[in-house]
Every structure is written in C-alpha cells, then in structure tokens.
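Note that subunit A is present in both complexes that follow, paired respectively with subunit B and with subunit C.
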Partner chain A sequence: MNDANGYAAVVLRSMWRRASGRFPLMVIGLWVLVSVVSLFWTPRPLMQTDGYHTWQAPSAEHWLGTDGTGADVFSWLMAGSRTNLIIVILTVLVAAALGLLFVAAMVSRHTVLAGASVVVVDALISIPTVLIALVLAVPLGASVAVIVIACGFGYGLNLARVARPQALLVARSAYVESAMADGASGAYVLFRHIVPNILPVMLVQLSLSAGTAVLAESGLTYLGVGVPSGTPSWGHSLATTVRFISVYPLTVLWPGLVVTVVVVALNLFGDALRDAIDPVTNPALRQGTGVSGKEDGHGR
Partner chain B sequence: MAENPGAHGQAGATTPISASPSETASTDDSLNARVKTPRKRPWTWIVIAAIAAAAIIIGIVAIVNWPASQPAGQRDSITIGLKLAPTNLDIRNQSGSALDQILIGNVYEGLVARDENNQVVPALAASWKESADGLTYTFHLNEGMTFSNGDELNADDVVWSIQELVDKQYHDADSLANFESITAVDPHTVELRLTKPNSNLLWTLAGRCGLVFDKDAEYDAKTEAIGSGPYLVTDFRANDSITLKANPDYWGDHAAKTQTVVIRYFTDDNAAVNALASGDVQVLAPVSENLAGQFADDTEHYTVQAGDGTDKYVLAFNGAGEHTSDSRIRQAIRYAIDHEELIASRGGADAPLGGPIPSLDPGYEDLTDLYPHDVDKALALMEEAGYGPDNPLTLRLEYANTYGTDLGDQLRSQLAEIGIDLKVEVVEFSTWLQDVYTNKDYDLSLVDHNESHDFYQWADPEYYYNYDNPEVQDLYAQALAATDDADRDELLRRAARIVSEDAPADWLFNYRITTAWANGVEGFPVNLNQTQLPLWNLSYEG
Partner chain C sequence: MGVDIRGLRIAIGGQEIVHGVDLTVGDGERVGLIGSSGSGKSMIARAMLGLLPPDVAVSGSISLGGTEVVGASDRTLAGLRGRYTGMVFQNPGASLNPVLSVGKQIELPLRLHYDLARAERVDRVRAMLDKVGLPPDVEGKHPHELSGGQLQRVGIATALITSPRLIVADEPTTALDSITQRQIVDLLVSLVDGAGASMLFITHDFSVLARATTRCVVLDEGSVVETGETAALLAGPQDERTERLVRAARALTLHTAWPDATRDASAAASAQVSARECDEAEVRA
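After this line comes the complex of A and B, so read on.
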C-alpha cells in the first residue's frame, strides 16, 4: 500500500510540474471542492423559482443570472457538479470492472472462451452508447443509472479492446507460465501480473472515458433519458436553456463553458497521466522505487 | 526493466513514432525552405486569393440582400411556418389537429364553419332550421357549388359523406352524438335527424364530421385532396411542407387572395424563428413567447400578437388517489399555486383560467376568484389534513416531456411552501398515456387539453380524472339536451362552477397562441389558428 502511495505521489508530482498536467489537476481539484461545498451551501436555494425574474442577466444577486423558471444559474451549476462527479466516478468504476472482466475472458487459456469473447466484444462495440441508453430508458425511465450503465458498458468494451494486446503479452510471458506451473490461480495472475502491466493503458483510457461521460451526460439528459427533472446537472442546465440560445445565449454559455473546460481537462489529464506513468518520458520513475511491476518479476 | 518487456516494449514503440513526425516535419521545413527560394511568386497567389475572397463576399452580400431588392407590391406567394406536421392527408382516418388546421376551410369545406370566435357560421349550407323538439335539422345548401375537379356539389354528396362517416366510423364519428339519419329532400336541401337533442351538433358539423367529399371522385386520400374549398393541394411532403394553389374555379365568395401558399413545418423552435428573421417564412404560428421578443421589439418589420384559444393547462388531481381524494389537499394545492407568476414566467401572454370552460366555449364564466393565490389558507388546509412544512406530504406529478421541465420545477417550488414534496416525473407521451390516461395510476398529472367543447370529460366518471359528481353529470346531460343556446350556456355555467368548487384539478392557465408575421401580411387568423386556419383572406404586400 505504501508502495502504491509512493508511486501515486511521484506520478502526481510529475504531472504538477508540467503546465499541461497542472491545468487538469487544478480543474479536477476545483470540481471536487465545489461538489463538496454545494452539499452545504449554494448562493441561492436550489429549488427556489421566481416567475417574475426569469432569464435575468448576471447581477450581484444572481452571479450568472437566472434561467426560464427564475432559478439561480450559478447555484444549479454548483450543485450540478456533484451529480456529474458521481456519474463520472460510477461510470469509470463500471467501465473498469467490465473492462477487466472482458480482458480476463479474452486472454483466458480456455481457447473457446477467449475466441468467443473477442468476437462478442467486437460485435458489442458496434452498438452506439446512445442506443443502449435509449433502450435502458424504457424500463428505467430517465435516471443516473441509465447513463452509468450505458456509458460504463460502452467504455468497458473499449477499454478491453485497447488493453487486450498488452494483457495477452503478459499472460503468455515466461513468468506467468512459471507462476501458473507453480499453481497460481487465474484471479491471482490477473490481479498480480496482468493488471499492473495494463494499468498505464487503463488509466489513460479511463480518464478519456471520464471526459466522454461528462459529454454523454449532457447529451443523454438533453434527449430526456439522462438525469431526471429536478436533479441538478450540467446537462440539465444545458437542456433547459438551449431552446432559447438565440434569445438568451449567455444562459447556455455558462453550462457549455463548464462542460467544455472539464472535458478538455479530463482529456489533458489522460495525456499528462500517460506521460507521467511512462518511465521513458518520466525520469522520476526510472530512479524511483515505486514501479510495482519491477518487484513482480524479482518477487517470484 | 527486462522483466516487463510488454509494457515498456509498447511504450518504447510509441515514443519513436511520436518523435518521428517532428523529425519529418523539420526535414520538410528545411526542404520547403530550399524549394521555395528559386520560384517565389507570392504576389500571384495573393492577388488570386484577394479576388476569390472578394467574389465570396460579394456573393454572400448579394444572396443576403436578394429579398430586399425585389420590387414592392402584392406578392402572389406566401410561406407560413407551422409546428405540428401531418403525416398524410387522409382527414377521414388520420387523427391529429394538424389536418384540421390546414385542410378544413381551405381544401375541404363543411356544411357549416366556425368563425374566429368559435361561433358557427354558414359554409356549404347557406342557412339551416332546427325543429322545436331539437330532433330535426334542415340545411339549405348554396347553389352552383363545385368540387375542384369540376363535379357538382349537391345534397347527394352531403348525405353520402355523413352516411359514410357513420357507417365506416371515420375519425371523430363518435362526436356526432345521437345521430339517426340524413336524407336529401331535394338537390339543395338536406335533413338530419337525431334520436335525442344534441346542442353541440352544429359546432360538431363545423369540424371533421360535417366535411363534404365528392362521392364520384377517386383519388389517394393520403397524398391528394379533392374538395370544394378555395385552395388545392399541389404538393405534399410528409412532415415537411404543403403547397396550396388557389382553386381557379372556386364557387363561393371566399376566393383566395394569394395564388400560392406554402406551409413549412418546423419542429425546432430556433429554426422557425430564424426562418422568420431571414425572410424564409412571412408568418410563424405558434412562436414561443420567450422567443418572440426579438420580433415584438422590432415593430418596424414585424407584428406579434397573441390570439385566444381553448388550450387549458389542466393540473389534474387523481380523485381516487390516496391523498388527492382528500378535498382539503386538493383545495390547498389550488390556493398554493400562484397562477400570475406562472403566466409571467412564460412571457405574460397566457390568460388565467379558474375553471374547465375557456372564454371561447359556451358556458364560460370567470371563476378565477374561487381559489385566489392564498398561501395562508393553503397552509391551514394542509394542517387540517395533517401535513405541513415540517411534516411534508410527498406527491408525484407525472406529465409528458412535450411540455418541458419548467412547469414541473415551478410547481415543485410553489408547493414546497405549503409542505408538499412534489416528485416530478417527466416521461414519454406513451408512458403518460399508459400510466395516467389508461391505468389512472397517478397523484397529479399535467396536460394541455386543447379541444374545444370538451366539458364531457368532467361528466364522465370513467375519465382519467376519477371525478364523479352526479350533479355535474346531470347538468351536462341537460345542457346537451337543451334546444335553446341560452339555456345550454346557463346549464354549462352552473356545471363548470360546481366542478371548479370541487377542485378535481387546477387550471394553470389558458394558453394563448402567439403569432408573429412580417409587416405587410394581412388576414392571418390569430384566434384558434392551431385548430382551423382559413387562409383565403391572407395577403402579403411588401
């Protein structure tokens, strides 16, 4: 555990040192902070509407103005960040779990299972995420679960596809062969040998997925199958104002800006993370103690 | 590092690749630098680029200014923008008010018609007489009427059309209540008999039920329309546009003032507004009040006007619901809702409505003072029922997503003040139909009941409201049986007041259609223009 902490610290420090890494870290930090603060405090009560003061321009009272119900745009964006954060975290977890499951199946020694799962993943990957969400919305209605399941499933498949070649190399390597001969179980090999080796690929892929999940939330909520009415989210703020973009462009601009900045940050985060965890581009890792993969080989 | 050949192998493999473009690029740069020097002719390219840019700018300016450069005067073509598009033209089978809107009075004509105040006026029938017992109606038809294909329109066509409607149960046939028979007395006189009086008959005949079709014509009713009206359908594109051309042989005095009327359908409000702003359409109906602002401000070029209609935004309380069967809670909700605020947030064009009958329907009376906005009264009623802000009652509001989320958000906010925790579910229309309309599984529901003469909903205990008041049912039956319009109106007025007092629903507002048009357009109906839209009087000078 200490090892992992040390590794994370080295990686984060390397990211912070570069401008392309500092920006996403700052944005994500602010995002988490605002999400927590919004649980206790927003400038105006969230559910308060005021029909006499709709579509107000930004003022001291309403920092980013009001929307079509007279609700405070800034408060809704603040509260929306927590919904989006939860959605992103859950989506990434689901994608990681499903992705690992598919990877395990695809590199399995059971040749029929491995072959079949490759075909199945290839087939499933062709189904658009939006379509999955629309189908899920029939029984589930508009809900966070629809976004998390649809996106988690889609991104899990992508992850499996991207991680498979790497995982296959490890799974067929001499040290895994000897570990298996030693009586190691499949699960042990997966978590002890395969996961550490595909972790860089996974982290990058997942951080890209996180960005896509923010976009997907906006899109699906706009289509009416995402976050339900009355739940603050950036997609909700966009969906309720975008009809009036020609008259009140500012009200659409704010949530649009937030989504854009966060998505860009998450993508840059992926790039910076790739650079930071790659010993070729990050000298800190070459002299550091933290590369868990290193001990694996010697350890056994 | 050898122990991890895969990961590093891959990473190592990517690094040279990512590095190689920059190498190539630098090689290219140096190559380019050498290549450029000997044959440097920058001026040629700058001149060509400048000419191309100028040509593009001139082209754009010419296109943008094209409409303005046309000579002013009476136009022989108008394009209007509407919202709900018909999927086909078969007005006898296809439901949806989009067909009534565009075909009735323009392409097909009925025995009678409705004017802009929803009153019955002559159309194919020049006059009519009702017997004292209210069971026999005698219609005297105009002379010399023809269909657009040249066929004569006489009593036989009228009898055939209405008999077919009843026999084949075409769309809306149900509303022709108590029908017994229809016969042609002579080529210009038709007699319609009822089993029981029906005070709605004439108004019903001004809709789909009274339309007269050519019994001898054979055509595909889904894509063509042969009627007797002032316009012909010359082009129909499902869900997109309809082109109407003036009928050169029109028989009556409603001859079209404009030769060609093109109707375009816009599902996207912004696209519709842009079309009016750019001059692609000259009239837009409806235009969302919030989007109409830019035209309302520009009075030099546009006119924006709201018309009366019969759209009632009904917030229904399930009469058999666990909590909504308690009249104190229903009344508390009515007191708690601030209708003025709802209307203000929508732009202020809509009218307050205190009961089930809107101003253009018979039996209207201003009932808005029955349940004025009074939070204290609402709080007292809630307390009596055992709830309050500290002990909130959870109620579920389910409505179709076509109405947007704003109303739900506002109602949640307003009802929170009196201790109601409103859970708003905005669903697909089909889900609403299933849950609310069919299964009656709901607490609160929101629908725009846009039909005119639809009081029957409150006299039908099976309707999704679960509202069952024998007194109202009795008054409505009497109103239907009334042979005198004044009696009918009085009976409906009494029934409507009782309904509103019982609070089986709250009427949020009477939605008024906002229409915007370019100055120079004359004769576009503003009242009720989503149900029937007679265009013969429409003209455009500009």
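After this line comes the complex of A and C, so read on.
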C-alpha cells in the first residue's frame, strides 16, 4: 500500500513540475474541493429565490449575480460541480469498462470472436449518443443515468476503436508470447500487458471523453433529457439562462466559463498523466520499481 | 524423456509447413534444431508449447514429460509453460515488456506457478540475477536501460527461475554480437547442465550449435534431413542440404572457405587469428 502511495506521489510530483500538468491538477483539485464543500455549505441556500432581485449583476451579496428567479448563481455553480463530477467519474468508468471488454474481444486469439467484435463495434459506433440518450429517456426520464449510460456507451466504443491497433500490436508482441510461454492466462495478459501498454492511448481518450461528458451534460440537459429540473448542474445553469443571453450575457458567461475551463483542464490532464506514468519519458519512475518495489506494478 | 515429438505436421491456411517431423530430447540432453530461415524451426518450438494461433492446424504427437500437448486444454498448457518448460527468445529486447521492471518479469513464472511469499520471490530473483551475472540493481530497471547481452541474461533468468526440466532456446543469440553470443551460449549451457535440465537449442548458426549442443537435427523446408552428433555432423555432413548449410556457416561466420572446395592457407590462418582475437576480447570483456 505504501509502495502504491509512493508511486502515486512520484507521478503527481512529475505532473506538478510542468505547467501543462500543474494547470489541470489545480483546476481538477479545485473542482473536487468545491464539490465536497458544496455538500455542507453554499453562500446562499439553493432554493432561496427573490423575485425583486432577478438578473442581478455581481455584487458583495451575490458574487456572480442572480438568475431569472433571483437565485444565487455562484451557489448553483458550486452545487452543480458535484453533479458534474459524479457524471464525469461514472461516464469514464463505464467507458473504460466497456472499451476494455471490446478491446479484449477484438484482439482475441479466436479469430471468429475478434472479427465479429470489430463488425459489432463498427455498427454500434454509428449510432449517435444523442439518439441513445433520447431513447433511454423514454423509460428512464430525464436523469443522470441517461447521460452516464448514453455517453459511457458511445465513448467506450470510441475507446475500443482507437485503442485496438495498439492493443493488437501488444497482443501479437514477443513479450506477450514470452508471458504465455511462462504460463500466463488470457486475463493476465490483458491486465498486465495489454492494459499498461495501451494506457497512454486510453488516458488521452478517456480524458477527452471526460471533457466531452461535461459538454454532453450541458447539451442533453438543454434538450430536456439530462439532469432533471431542480437538480443543480452546470448544464442546468446554462439551459435555464441561455435564452436570455442577449439581455443578460453575464449570467450565461459564468457556467459557460466554468465548463470551458474544466474541459480544457481535462484534456490537458490526460496528456500530462500519460507523460508522467511512462518510465521512458519520466526518469523518476526508473528507480525502486523492481520486484521489491511496488506490488504488482499497479498503476502502470 | 524431456520431449518426444512424433509425426508432427503443421499447416497454415491449408498449406503444410512442417511435414511429419520426429524429434526427441532425452533427460539432461542438449539437442540442436538447425535449418535455414523459413524451414519451420520456430513453428516446431511454438507448437511444443501450444503457442501457435488457433487457426494453425497441428497434428501428430508432442509429449512433454509424458503430457500430450497437441489438443491439450489451455489449463493443461498453462500448467506446463513456465513450470516444466522455460523458453528463451530470439530478440531479448522485444520479448520483455517495456513498461514492467526487470524484476517483475523475472519473477512472473514464480508468481504464476508457486504460492511463495513476496520476500521469498525477491530472494529467488536476486539469486537468479547473480547466477546469470547481473548486478542486483538490475531488478529495478526497465528493459530500455539494459544492453542486448544484459537483456538476454534477463531472458535466461526468467526461463530458469522455476528450474524447469526443459529449456527451449529459440535462436537466443541471433540478435547479439559474436562475443556476447559466446558468453550467452556458455552461460546457458552451464546453467542447464548445472540444473540437470534438457535443452532444445534452435539456431541457423552452426558455430553456435557446436558450442551449445551434443546432438543435432537438421531441418529443411519442414522436414528432418539429417540427425547425429553435432561434432560428427559438422565434420562430415551426409546430406547435401546439410553440407550447404555448413559451407555457408564457414564462409560467413569463420570467413574461410569449405576445405573441399579450396584449401586456402591464408584464409585458414585468418580464421585462426579471428578466433584468437575473439577469445582475447572476451577475456577483456
């Protein structure tokens, strides 16, 4: 456990040393912090409205102004950050699991399974995420689950398609054959050889997916199939104010700015993490990671 | 009996590549399998461990220590690989995972086949590193930090860590320079003999074969063309195809012509000088 913590510390330190890694770490750190704080405290109660003070400009009382109901914009953005964080985490997990499942099938030694899974992925990938969300909204209604399932499905297929060439190279590599000659099973080869070696591709793709999930939450909520009305989210803040952009642009600017900054940070995060976990590009990882080092080489 | 192969046939896409090969490796015996590129040597090695893709048709019989490999389940094969057999590969750089430390890779067969405490695995890996002549700090390094010769020593350590009864060495010296080739062959031979194991040594290089094996099987276009004691076979090959291989090996590796073709004294002297220089360089190294 200590070894794993030590490994994570080395990776985080390496990311922090570069400006391209420090910015996403700061933004994501702030995002997580605000999400946690919003569970206990927001400047104003979310449901507190004031019909006499709608569309207010930023002031000492309302730091980012008020919306059309007189509710505090900053408080709603704070509370919305945790909804978006949950959506992003769940979407990335679903996409990673589904993507890996399809990658495993597509690089299988059983040629029929491998061929069939490529055709299935190609067929499914042509279905737009929005269409899947609209179909799911019929039984599920507007909910976080619709966003997570629709985006996770679409991004998982994309991940499988993008990672397949690299995974195929690894699966046919001499070191996988060597591991099999040592008695390694298919699952062992997948998790110890294929996953670590396609991790750079996966991280970049998943960080892009995380950014796209934030955008998709806004889009699907605007269409009425995303986060239900009354639940705070950045998409909800945008959807309820965007009609008034020509009259009260500031109210739309804040959630738009938050979404933009977070999406850029997520995109940069993948690149920075990929560089930090690669022993070829990160000399700090080349020492003390032997058999007596971190258990199982997790996190590679 | 280490290996008993009878009537082995291998076909890809309906085209037969290996035609009814018989091959045996006795307990404690070092046997060479030699042939030109494309003769089917590596296919036989992979068939022995069940490593050929499912769409490759394998028929005949391969017995490893009494267990039939042809048609065996994945579980049976996984139990044999790394435990009864150890394999040393041709390209040591490519046969090691670039993102795992050397220590992790050497201990893999131990993790897969034996329920050992972590500390014991670490001890065994360090002892194995010492046996193959590598310093202990190599354990924490990644493959790209090692030289070709060091990488092949890691490959040998991985193959031998579980003390398997049979070592399959598939052209383990091809990617190395001539001095390192000799060091690696000598190391492999001493470790295999020391452990009392058997070895099937696959190569297309007769000079390496002479150093590594006592008996050899010559393969040409998927068929066995000659079998015999390595020294006798090198001195007087009976088959025309074997003779061609030996002649080419002498011309390329020893820089001297086949004695029956021309008796060039200066070429022979040059070969002796080359061999002496090689020995001196090895001592210096």
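FYI, the second predicted complex is superposed on the first by the 260 of 300 C-alpha atoms of A that agree within 3 Å, B and C clash if a C-alpha of one lies under 4 Å from a C-alpha of the other, contacts with A are read in each partner's own complex, and residues count from 1 in each chain.
Here, a contact is a pair of C-beta atoms (placed from the backbone, for glycine too) under 8 Å apart; a residue touches a chain by one contact, two chains touch by 3 or more.
No experiment lies behind these values; they were computed from the predicted model shown.
S.K.: Regarding the shared-chain residue A:His110, is it in contact with subunit B (first), subunit C (second), both, or neither?
M.R.: Once the two structures are laid over each other on A, A:His110 reaches subunit C alone.
S.K.: Touch check for A:Ser229: first (subunit B), second (subunit C), both, or neither?
M.R.: Once the two structures are laid over each other on A, A:Ser229 reaches subunit B alone.
S.K.: If you count the residues of subunit A that each partner touches, which comes out higher, subunit B or subunit C?
M.R.: When the residues of subunit A touched by each partner are counted, B comes out ahead.
S.K.: Where does A:Gly68 make contact in the superposed view: on subunit B (first), on subunit C (second), on both, or on neither?
M.R.: Once the two structures are laid over each other on A, A:Gly68 reaches subunit B alone.
S.K.: Between subunit B (first) and subunit C (second), which does A:Asn197 come into contact with in this model arrangement: first, second, both, or neither?
M.R.: Touch partners of A:Asn197: subunit B and subunit C.
S.K.: With both complexes overlaid on chain A, does A:Ala184 touch subunit B (first), subunit C (second), both or neither?
M.R.: So A:Ala184 only meets subunit C here.
S.K.: A:Ser173 in the overlay: touching subunit B, subunit C, both, or neither? Say first, second, both or neither.
M.R.: both
S.K.: If I apply the document's touch criterion, which positions on subunit A are contacted by subunit B in one structure and by subunit C in the other?
M.R.: 173, 175, 197, 278-280, 293, 297
S.K.: Taking the complex as given, what residues does subunit C use to touch subunit A?
M.R.: Those in contact with subunit A are residues 46, 49, 51, 53-55, 74, 78-83, 85-87, 89-91, 94-104, 106-109, 112-113, 118, 121-122, 125, 139-142, 144-145, 155, 158.
S.K.: Tell me, which parts of subunit A touch subunit B in their complex?
M.R.: Subunit A reaches subunit B through residues 47-52, 54-55, 68-71, 141-142, 165-166, 169-170, 173, 175, 197-198, 200, 224, 228-230, 236, 239-240, 243-247, 278-281, 293-294, 296-298.
S.K.: Which of the residues in subunit B end up touching subunit A in this complex?
M.R.: These residues of subunit B touch subunit A: 1, 3-12, 15, 269-270, 273-274, 288, 290-291, 293-294, 338, 340-345, 401, 404-406, 408-410, 412-414, 416, 423-428, 431.
S.K.: In the complex formed with subunit C, which residues of subunit A make contact?
M.R.: Residues of subunit A touching subunit C: 109-111, 173-175, 177-186, 188, 192-193, 196-197, 278-280, 286-293, 295, 297, 300.
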